[in-house]
Structure formats: structure tokens, C-alpha cells
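Letters A, B and C name the chains as they come in the text, with residue numbers starting at 1 for each one.
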């Protein structure tokens, strides 16, 4: 290494090199384990479910799909379950998990607050309100127009998506003065906007009938139950830009840890980072919420878990949060699907139920390490 | 929301045909299996004899199906038709008869079904009330080539009758269902006659719950409103829509002659003394006569084959002086 | 001597209150300039105008003879490094990582070996190399300040390959340091000036300012009331008018540099010092 060339100038440099090398090794191990766990759970997710299919059969179906196997295998109901139910569900779960976890990490970086969650940009409040409006008022509006038709089932996800985008846009405009976005204003305005949306949602819940109320409740607990290839093909293009932008945002977010002025001094285009992060988070969280309902916990705790494992450097934190979020959601979905077979639990319940104790355990363990 | 299978696009037609062929073989296999099962079960003839309808055994033999019943009324009608052995799964709203939930697999809440969960029961037919969902899950079930029968939901006697016919027809028991429906229709007609002979109508307030002193009542367009009307009463909470909390003053203004509540098996029921000691209820006409009626919630609000009897029972409780007769064919 | 930064007639107001008025100055290569002045004199605001963090309501800052306003952040970052008074950090980065932040904007094209060398040298200069693996948030205020200094040094070093004429801005860099480290940091800052950069420091300690400044700027109520060589501009009238202390400068015999002994004050004082200062 170059450092060895001039040991005389910097005596502690070799120790520093050793330190960074050991950190790199630790990060590599942590990342490898997480990725391995994620892939393992993905395989498990394809093989497990209410519909009993032998693991060998699943493999045959996958091979047949890839072209090396009897094609008539693909016509079986088993193939349908593996390829059209489990596969899109697995991918949607991974995508939504990754999007929520990255969004959480981005928001925590942007607001320089470990308690920030993706909902802070107002997307959840707006999406929730729009979803409630679609559930409660949708049929009445159509009936009012006298068209005698039922609400198309894409109405709810579309409503939620655009509701989320509109409220984020409003929040962003409120918080932006003379080309500068104040995250503090955004935080406060977000609280106000959230309260307003919450009260309107409450009003809608009040005028809803029993069934609509149940729908609202289930929606707010999230589910991957509706996953399909067509849904995936809508969600993926909206979420992918966020995943692609990660390496470009990571340095900027690192610099932002010192403060906005300091990040500017370091040469970071702060306003552009803020605008990009807010837009990408709003888009991908909006799409996730629209596709899978409200899944709490992932956005706030997965980045924390990763920080406990590898530290706060966003260059690692963001991609590992993505893997961690995907792992948690895929794992939680396996539990959600298997625990009350042949029914299923809302996934939002499961993510918190298995994620929270693990998180607490990690916090306690870390506390003990710090003391010793 | 559509529940009818959409016509398959041309390229898929061949695939569907293949699937049908396989299903045919499977159906034959199942028939043999089911027949063996019936032959070995000595309880079967006895249970058939218990039902009021003698056609059951023949209906069963013709349609050895694996049915997933979604919606309480679907399960209730299938049981009433004696088709319980064809049911492989029910939803969480299938509370009548009570054994349904114990004997059958539970596919979850009617609005939050799991596609793979339903498919895992290897059903040959899904009969679901119109409000079943989520739509994405149902779309996947249809995609698996499963026939789905939607059951419209409405709170009129005509709708109850047609529901029974639709469910029966879907389950391959059209004739028995027609007979059951005819019986229900006849009893609704009898109920109409009884209602016509009633004196001045009583005002009834349906109270869903009394949590924390907050009174949830059944307003117009609720199942409670419909059953009160069938029983010849007037809904005292007509001013509100659906099940909503009502203020104490509004309850006094509503001036109910009777308070109608559900009987819970788990929680201890409110005694009339406790209820009419509450300020809101102490000022109502019902308080003077301690007029509290408690009925089983599903029986009262289920809007299935038992509804004419439920309406009759409520009517009898509301107008004791009229000495309401039992409906024909009632147990 | 080459002028790197030139500011002319800068004004900055917040809600009608002028924080900086009519400020003109220039920063030359190889010189250390130090701004002194009482609390609220506008020192930090002036510094922010010069770094581009704030835009003046009136007047212009030219960096390397190009207007500062509108220059992209990455370009500015190569030309100047800033150590502000803010030493908070949102998440538990290690000391090494904080220093590395100096390279986030300008050092992205550096090979890894070169980056690590820059970081190691900067940590060494700031005297915090031994703390490299420590969590920044567990350090004392003084140690944090030195890490921030190392971070600014990293940025300056990395930017040098792009821009030769550089400026180092330090806003009260020694506020939490012990005397040994105060001197070490100011020595290091002066060393950077002698290598050809311009250094601008906001300081409170007049004796240290006199010791280290090639050029001293005295601010009072938003305006620069005196600037030039310390020995030439500091006198007792300034001390009384700007700093509101009734002290007299002494002069060191060989250099003629003025110095202050606050002990004089004890003899003269007759009432609570703060109230007297506010009166």
C-alpha cells in the first residue's frame, strides 16, 4: 500500500491501514451473511406455502420455466402456484422491503434523525387518506354518476399512489423557499399535514359501513396477498430508480451528517440531493403502499439494524438496508402465509412481531458490549 | 369488481381445454373416493334423515365437489342443503352452524382471502358472496381455472330467496335449493300476513354495543334496520346511517319502545336493570316496561334461510299481546 | 502577493437588521488573516458570506477573480475548506470516517491508497491519529474540534490536485482546546499558509490573534473597523471602543507586538464585570 512508502512521516498510518482493512473485512462478512440469508429465505419462500408442493417439484417447475424440462409441467396448478402466486409475491415482497428500508435510511440521513421514517415526506398520510377515500367513497361516487358500474380494482392502488405523491408535493412546496428546502419546516408541516389527513381519514372511517371499515383496517396492516406479475410490472419501474440512485446519494448523505452548510462546503449539491431523495422516496413508498398497503416497522428499524452491524456509512448502509429490508419482508411473508394456513395474517403484524424482539435483543447486546 | 370468469383469449383456449381434461379425470377420481367415503360412514344416512329435506342423499351423490364457501350465508345454505361434506373450507364469517368453523379449514376473513390458501384446499368450486376479496386474490383463483360463483347480497326477502337458489345451483343442487327457497319464500309470505295483522307499530332501537358508555346503534340501511322492518317494527334510529354511535340525547329523542341487543355467548349480557339505569335509557318508553330483547346475533342479522323465523321471533317479542303464531315448517 | 479572494462592499441583513455592513477585504496567498471582534459583531456571518454559504444582499465576492455566486459546490469545495463552529454529528461515525468526509465531495477520484494517506496525515497533523477507531460522539469537545480540523485538512489536500490557489476558513477553531492544542492547531494553520494557501480564522483571544495574524481584521457592529498588520492597528482606543474593556496594551520588546494582560483588569475593576460591559 502507498502508506508503507512514507512510514516516517506518519507513524500511526500502518495501524490505521490495519484498522480500515479489518473494518472492510467485517463489512464484507456482514454483507455476505445478510445476502446469503436473503437468498435462503427467497428459496424457502418459493418452496413453502399452503399449497403442498415437494421441493423437487418446485425445482422441476423452475427448470421447466427456464426451458430445460417438460413444458406441459407448466400447465399444472402447482406451476401456477409457484410461478404466478409465489414468484411475483416473493419479488414484490423483496422489492417493497428494499424500497421501504432504503427510503427509511434516506429519510433518517436527510432529516439527520434516527427516528425519521419514510412517512415523514407525507407520502403515507396522503396515500392513507386517498385509500380511505377510494374504499369509502369510490362506490358512492360511481353510483352517483349513474354509470351502474363497480369500482375497478386498480382504483385503490392508483388512488393511494397519487394521493401519496400529491401530499409529498404539497409538503415539499411548503418547505421550499427561494430554492432551499428546510427539512425542519418539512418535518413540522409533515406533522400538521399528517394530522389533517388523519382527521379526514377518521371522518371517512366514521361514514363508512362495517365492511369498508374492515377493508380500511386490513389495508392499514399491509399484505402481499395481491401480488401478481402485472402488479409487479407496474411497481418495479417506479421503485428501480431509487435502487439505482443509491450510490449517487450515499456520499451526499454522509456529508449531510455534519449539517447542511458543512455538506455544501464539502462540495455536495445539497438541494439536489434533498429534492432527489424526496422525489424517489415519495415515488417508491407510494408505489409500495399502493401495492402492499401500509407495512410499518421496516423503514425505521432495518436501517438501525444495519447501522448496529456495520456503522452509519451510507455507502454500505443503503445497499445493505435494501438487502435487509428484502430479507425481513420475504421472511415475514413466509410466516404470514404459514401461521394460519390456509388463511394468512396481514404482513404488517408479522414484520413488527418478528423484527422488534430481534432489534431489542441487538440493542441490549450492544449495550453490554459497550459497557465491557 | 367482477367475479365471473372472463372469457379466455384465443391462445389460452387450448390450455384451458387441457386443464379441463385433467380436471375431468380428477373429478372421476374424486367421485370414487367420495363414494368410498360415504359408504364407510355410518353417520351419513342419519344426518340426511335429520334434515327437513329428503333429497339430500341424491344431491350429494351427483355432485361430489370440493367447495370453498366464502360468506356466512353461503355456508349456512350449504349446510341447510345437507352439502356439508362437500365443503372443504369456510371463511371466518361462517359462524352458523357452529360446527362449520370446527370441522372445516378456515381461509380467513371474507375480504382478506389468500389465493394460495384457497387453492391449497384443492377446491373444485368457490362460492363467494359478492363482497369477497381482495380482488387480486380472487383474480389469481380464477386464473387457476377454478369456477367461481358470486352470490349477490341484499337485505330483502326476495334477495334471500334468490341467494339460496344461486348457491344451490352453483353447488349442483339446484332442485333441492329450489325447494328450500320455496319454503323460505312461503314463510316470508306467512310473515307478511302476520305483519299485516299487527296493531300500532312499536319503535325499536338496535344497540350493537355499549362500550365506555358510548352507544352504537343500527341506523337505516343496516341489517338491524331490515330485520326490524320485517318484524313489523319501526327503527327508532332511522336518523343515522349504518352502525354509528348515538348520543344520549338522541336516544331519548328516539323514544324506543324496545331495545334490541345481541346475545353474546362469551361476555355476560347486560341486565335490563343495568341498561335502564343508564341516563339515556332511563328516559325512554322502553324503560317503563323494561323492554329489552336479546337475540342471537347471527340468527337475527344473518339474512339466510333462518331469517323468516328470526323475524317472527322478534315480532313475537315486540307484540306479546298479538300472540304471534309459529311459522309453518319451523322447528 | 497574489490575491485569491476579494470581497467588495458586502452587506447582509436579516429582517431589517444589518449583520454585515459595507465589508471589503482581500485574502492573499501565503498569509494568515484573523478576524476579531466582540460577540455579535458579524464575524461568523462575514465568514459565511466569504465561503458562499450565504449570499450578500449587496456587494460581491470574487474567488480567483471569478464571481463566487453561482459557482457549483464541487468547484468551490476544491478551492476552499471550511471548519465551522458546528461540531455536531447525526450518527455515530468513527473518527476515521469523519475525517474521510473531507473527501466525499472532492476526493472521489483519488485511488484508495492515496485517500488513506491523506486521511492519515491529516489525523496526524491534528493530533488525533490515535483516536482513529473511536466513535466521534464519544470524544470530548476539544477532541471533536481537532477531528473537524483534520476533516478540513483532508478536503484541502484532496482539492489541491484540482485547484492550486486555496483558502482555509476556520471559525473559532480553538474554542474548546487546551493551550497546547491551541498553539498546535494555529501552528498547523500557519504552516498551510506558508505552503501558499490563504488562511482566514475567526478568533477571540487577542493575544493569539496578534501572535499568528499577518493581517488582523477588527469587526464591530457588522462593519470592519480596522484591518492591517496587528502592531499597526491595535491601540487602547480600539480596545475601549470596540471591546469595551478598560485595558492598555503592552509591547514585547524585540518585535513590538502588542499584548494584553487581563490581570490589569483585576486591579482596576470595581464592579461586576459583565454588567459594566453591558452598560
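As a convention for this text, contacts are C-beta pairs under 8 Å (C-beta built on N, C-alpha and C of every residue); 3 or more make two chains touch, one makes a residue touch a chain.
Keep in mind it's a predicted model, so treat the numbers as computed, not measured.
Because contacts link the chains only in sequence, without closing, their graph is best described as a line.
Taking the mean of C-alpha positions as each chain's centre, the chain lying farthest from the centre of chain B is C. In this assembly, the C-alpha centroid of chain A lies 43 Å from the C-alpha centroid of chain C.
With each centre defined as the average position of its C-alpha atoms, the distance from chain A to chain B rounds to 40 Å.
We define each chain's centre as the mean of its Cα atoms; on that basis chain B and chain C are separated by 80 Å. Only residues 1-2, 15, 18-19, 89, 92, 105-109, 111-121, 131, 133-137, 139-140, 143-145, 221, 241-244 of chain B touch chain A when the two sit together in their complex. Across the interface of their complex, chain B is touched by residues 49-52, 72, 75, 77, 80-81, 84-86, 150-151, 153, 206-211, 214-215, 218, 223, 225-228, 231, 337, 340-344, 346 of chain A. Contact residues on chain A toward chain C in their complex (touch as defined above): 1-3, 6, 9-13, 15-17, 19-20, 109, 112-114, 251-252, 254-259, 261-270, 307, 311-313. The touching residues of chain C, counted against chain A in their complex, run 48, 51-53, 72-78, 80-82, 84, 86, 88-94, 96-98, 101-102, 104-106, 108, 111, 113-114, 116-117, 119-121, 123-124, 129-130, 132-133, 151, 155.
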